[in-house]
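Written below as structure tokens is the structure these notes are about.
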Amino acid sequence: MANLSSLMDSEVLRAYATYSTIVLLKMMLMSIATAYFRLTKKVFANPEDARVHAKGGDTKKLLKTDEDVERVRRCHLNDIENIVPFVAIGLIYALTNPNLASALLHFRIFTGSRILHTIAYLLPLPQPSRGLTWVVGYLVTISMAVGILRGVLYL
Amino acid sequence: MANLSSLMDSEVLRAYATYSTIVLLKMMLMSIATAYFRLTKKVFANPEDARVHAKGGDTKKLLKTDEDVERVRRCHLNDIENIVPFVAIGLIYALTNPNLASALLHFRIFTGSRILHTIAYLLPLPQPSRGLTWVVGYLVTISMAVGILRGVLYL
Amino acid sequence: MANLSSLMDSEVLRAYATYSTIVLLKMMLMSIATAYFRLTKKVFANPEDARVHAKGGDTKKLLKTDEDVERVRRCHLNDIENIVPFVAIGLIYALTNPNLASALLHFRIFTGSRILHTIAYLLPLPQPSRGLTWVVGYLVTISMAVGILRGVLYL
């Protein structure tokens, strides 16, 4: 028990906890964005969802794809592909006792890059805005992964 | 070494381990469900898969989408979008030394909501059954995230 | 602080850190593979991406799906469905203080199976190559999950 309560005495782990929670909440926001566009544009994937909004009209008409909905979904999937590895690799990295300043730099740049990525994806901004924000976040995660493998490699 | 073996002395961490494992196994079951529908309905995404089941017939005929398969896949993706954040945020939450009763309440409600969500999605039950089960699980994860940010914020 | 730096004294946790980082890097490589095929085959999902490569020509022509791109994306999604549960369940398993030899066996077989799975998916090799590599990785994760539930069950 003592170990558990003292784990969060580590400033690196507290920083990890803070930034991971922020990017995961940002990722979860994409579900709300998808629901918002589905409801306002009346575009659904499931017949039982369309039925609620068809109001006696033709249910099948509402079962289509919409470019705004698909854009949010692509952004959500990109978050999953990038934020989930960050959260997993970031935890292992935080447990290897890195320098606090270095850890904060990694966590802050990643979080900033993913917030900008979402803005660039949803507005959308012309390329290479989105591409650059993606690359920055990607390289941050790679940098932490290299740090882990150099520090604790055990094959 | 001592730290590691004693980590699981914490009841909160044992509860986290139990419920996270259960929801992750539930999520993994969706792969089996997808495979089951693909094989019984003979609907494939890859030519090399279709070839095995075409038995000398036309391979291309089996390369199509099927509403039952797509439904399971949407349910699987929804699991990824919701269970993965729960597992990540839940671990950080468990490490912030929360009250055991409060932690159990979060873990149990989330696990129950996701099992009901799958049932509502696959049968399917008329809306808002699935919507409600989704919202409950979502709010549980948000509640843990708020707890983390209030407890260990380090920006 | 002391706890944190000593966590990685555990050989099981170091092995977990190593193999999890390797499979997550492998998963992240799929983003590069997708980008490579999109750029070389000029196939895009977003109009702002197509615009850069249309060179004054028709942007809409580049907004299509391509079988090579879709194959990489299916492989990437399969990684998410399987590697993410491994990383999460593997961490909990590593924290339950398992036998080192047993843990290494789980981590090595999983990592090998997923590398072979990617090769079988992208070449592609005829079935059941890909199916078998998938099953092996799946069973490794199930085996660790059973170990967790038998060891620390707390409902």
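Each chain carries a letter (A, B and C) given by its place in the written order, and its residues are counted from 1.
Basically, a residue touches a chain if its C-beta (ideal position, glycine included) is under 8 Å from a C-beta of that chain, and two chains touch if they have at least 3 such contacts.
Values in this document were obtained by computation on a predicted structure and should not be read as measured data.
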item: Overall pattern in which the protein chains touch one another (line/ring/star/complete/other); value: complete
item: Fitting chain B to chain C on CA atoms, where both chains share a sequence, rotation angle to nearest 5 degrees; value: 120
item: Chain A and chain B, separation of their C-alpha mean positions in angstrom; value: 17
item: Numbers and ranges of chain C residues touching at least 2 other chains; value: 3, 7, 13, 80, 84, 88, 91
item: Touching residues (chain side chain A, partner chain B) in the complex; value: 1, 3-5, 7-8, 11, 13-18, 20-22, 24-25, 27-28, 30-31, 45-46, 48-49, 51-52, 76, 80, 84, 87-88, 91
item: Complex contact set, residues of chain C against chain B; value: 3, 6-7, 9-10, 12-13, 71, 74, 80-82, 84-85, 88-89, 91-92, 95-97, 124-128, 130, 138, 141-142, 145, 148-149, 151-155
